[in-house]
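Dumping the structure here so I can ask a few things about it.
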Amino acid sequence: MNIDVHGQNRRRPTIESVPRDGNQPRHALPEPLHPPEAERRLRRQRLACAFRLFGRYGYEVGLAGHFTARDPILTDHFWVNPLGMAYGTIRASDLLLVNPAGDVVQGEGMVNLSGVPYHDAIQQARPEAVGIAHAHSFHAKVWSSLARVLDPITADAAFFHDDQVVFNPRRAAGKTYEQDRASVVAQAVAALGKRFIMFENAAAGQLMAEAVGGVVVPPTPGKTADARAKAEIGAWLSFLPLWDKMVREEPDLLD
Amino acid sequence: MNIDVHGQNRRRPTIESVPRDGNQPRHALPEPLHPPEAERRLRRQRLACAFRLFGRYGYEVGLAGHFTARDPILTDHFWVNPLGMAYGTIRASDLLLVNPAGDVVQGEGMVNLSGVPYHDAIQQARPEAVGIAHAHSFHAKVWSSLARVLDPITADAAFFHDDQVVFNPRRAAGKTYEQDRASVVAQAVAALGKRFIMFENAAAGQLMAEAVGGVVVPPTPGKTADARAKAEIGAWLSFLPLWDKMVREEPDLLD
Amino acid sequence: MNIDVHGQNRRRPTIESVPRDGNQPRHALPEPLHPPEAERRLRRQRLACAFRLFGRYGYEVGLAGHFTARDPILTDHFWVNPLGMAYGTIRASDLLLVNPAGDVVQGEGMVNLSGVPYHDAIQQARPEAVGIAHAHSFHAKVWSSLARVLDPITADAAFFHDDQVVFNPRRAAGKTYEQDRASVVAQAVAALGKRFIMFENAAAGQLMAEAVGGVVVPPTPGKTADARAKAEIGAWLSFLPLWDKMVREEPDLLD
Amino acid sequence: MNIDVHGQNRRRPTIESVPRDGNQPRHALPEPLHPPEAERRLRRQRLACAFRLFGRYGYEVGLAGHFTARDPILTDHFWVNPLGMAYGTIRASDLLLVNPAGDVVQGEGMVNLSGVPYHDAIQQARPEAVGIAHAHSFHAKVWSSLARVLDPITADAAFFHDDQVVFNPRRAAGKTYEQDRASVVAQAVAALGKRFIMFENAAAGQLMAEAVGGVVVPPTPGKTADARAKAEIGAWLSFLPLWDKMVREEPDLLD
């Protein structure tokens, strides 16, 4: 596999960069594609781009929401958004590097400490995970109030088929208000950005379809490892037109 | 507690400004944080900012809607929008200072007199209240047609749990059309702006979820005084990224 | 009554211009408020402004939709949009003056002839009517598929209480597709613009509320002549902030 | 019939260009209206314009979606969008000319090969078809999850009455996820663009109406050949204001 994308100068992926058969092993994507410093820079830029997109799409709710990218050098550290900065203004250089204890070791600002344990636990449990997004976007939180996983009724939803859980740690402990969010995990920051958007759209679609009734859920087998890898790569590729658009329209996100 | 925010020059709250334990007494926030003249100026600017946001979000319906800020010097007076001026064009200097009788004592323009008694009554009954918003935003008015309070099915809605009433004074008097609005009260203009947005979003969420059916309402205890104070502070903090964004994009609101 | 509004130079209505008791006779508004040539110019500008607004709000569907303003000099003629010109680009000087037979007697362009008989019939049957809007805006047409009048569940909808009919002339003749539109009539072009927006919003509100169920329809008496006049004036006044906004942002509409 | 439209210089269609009786034979539109090279250029520009519109309307979902225009010179070839280029940035010169085997014979970039057989099959089966659109726009895909054709409850939906099939080739073969898209065919690229928008809007309308219930489906006879031709011409004409708007706002699409 030869995946190489040169960000802001690229007009479209070259033919070589497209996996034609989809049988990439699952651990392929997170292998650093660039020298460590360049990979770090790209991950921060991709994360800043995801924030800008999420801001445009209205996924920002007050101070809530944190998206992280695993650092490629200090691999138990992650980059995260500073609390209180509007998504639509975040530049790569505004992101904070945080250690597993939640301390900011690079950058200036506060971190939403409530999010650190979740991110840290997922980063440790899934070493292939590079990006984690956790937010209160509208349709995802409305869907969450039904406490169900999405059915594979659209291509967006099928993407998450056999790959979702209803997660509610605090409710088990007698606390409340915890079911209204989506957390999405991916093996690349670009894939993460797209997966989050797909989840939000899939939730919107199923909510609308079920308000009518009569939804046909096609019988759908579980996902093979190949299908999972293909979905991951598809998300990664699908992020690229959004990246191009944002870098063109808001180049300061790269700073 | 040391909350100090310097408006337009701030890029993000400093670490010191964040209450970490949430156990602030309820009367803490409205204590003037600045010298009276500076506090007055800030309240007017915050109110102008809220109007700009509400205009962007489509909460303006013709001439309807009035949001007020208690004056920190003449504490039974309040600042309000002039009738007939589009929300999106309001600057701090366009706001009118109104006495309890509804007379304009500073500024030039008309006041929607129908709103004065409500604001005055709330300002008197709740001396800690600084901001009051009353509007006909879309989802809040649609929700109001069901004559129910919101259930705590999302974090937005949980914010209002144990803190809502269905208010319909004129219907009791045999008049009509009075249930279709939301009134929101807060201890700071910034908190007010955010609370109103949260109410609108929470109403939208519950409408969408209930159109599907099967909503899980988590068992939720009443709010303690601490929880109320924490919610107030959370709303106040959550307004700040919106303030930053608006001041950057439309600095004339501060004039 | 002394209603005088000077369009583009006005920042807000003066206090004198607000009717405080609402007991204006029904025929008051359409009396020309200006010398005939000035009134003609204002009506064309108001109509152009309404088109710009409707374009922004997405009420334009292909070539469909025509809004007319009765001419104050040739009172059986009306001004209408040229077929095929995008709403968002219409200037006052693009409008066409049409006689009762549908001939264009001033201006250059085509008229959607299918609309002429409806407008002409309404203009003749209701001599006080100045503006008529007929369009396929989204929520109005979806609502129309239910073949019901709106219930007074919000202030927007209450505005149309006791003042609506389900109109379907062609279906009676065995034709189809005719129920999916809204026609709105008003005594001033400004009032027309606002009434159309209110109808669209009211339809959106009732559709959303009824998808949930449990809507409370307040018992509502029929409208008195005073209430009708007050509603008309309210619509007219409520249009003014929109006019101000559009004239400021797109001054070429006045040309 | 004398249909001649001069693209970017036109302010509105001339009176001569409007078919008044609608009884154009079905094969009329795709006859080249211009010399072959000019027709080729116009089709590419129209296709680029459709992509820009679809991008604005949010019909772009990752890398999915391909719209094609039959080439007027090599009539078994078609023009298509390059994979991975955001719709909103496509210029006429970015489109790729593809032969029936899926090879790019003019232009530089990748083609979504999964789409080629569908387009090729339709282009061969319907020699009068010039434009084919296939996308995952939101309301069309949500509607598709119900596996039904649209009912003629609005003018948009009536447009497709007696002219739709539920298409699901892969599900028959035991595969899944294939019902969530709309494919639309038309005899001109302009008509295609408008038909796709109408389908999306009609799906949105029926979803909303059925969530309420009580929809009145008017008894509607099948379409005559005349009615089909009239609908095609109507779609073509209705695209023109959108074309004008886009060419004015984003003239680089013509390059």
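The chains carry the letters A, B, C and D, assigned in the order they are written, with residues numbered from 1 in each.
Just so we're on the same page, a residue touches a chain if its C-beta (ideal position, glycine included) is under 8 Å from a C-beta of that chain, and two chains touch if they have at least 3 such contacts.
Keep in mind that what you see is a predicted model, and the values were worked out from it rather than measured.
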At the largest C-alpha centroid distance from subunit A we find chain C
Could you grab the centroid distance between subunit B and subunit D? Build each centroid from C-alpha atoms only and quote it in angstrom.
46
Which whole number of Å gives the spacing of the CA centres of subunit A and subunit B?
33
Where in subunit D do residues touch two or more other chains at once?
211
Line, ring, star, complete or other: which one describes how these chains touch?
ring
Check the chains against each other and report every pair that touches.
A-B, A-D, B-C, C-D
Subunit B residues touching subunit C in their complex are 60-64, 82-86, 88-89, 109-110, 136, 138-139, 141-142, 144-148, 171, 176-177, 179-181, 207, 210-211
Inside the complex, what are the residues of subunit B that reach subunit A?
11-13, 15, 18, 152-156, 158, 194, 198, 201, 204-205, 208-209, 211-216, 218-221, 234-235, 237-242, 244-245, 248
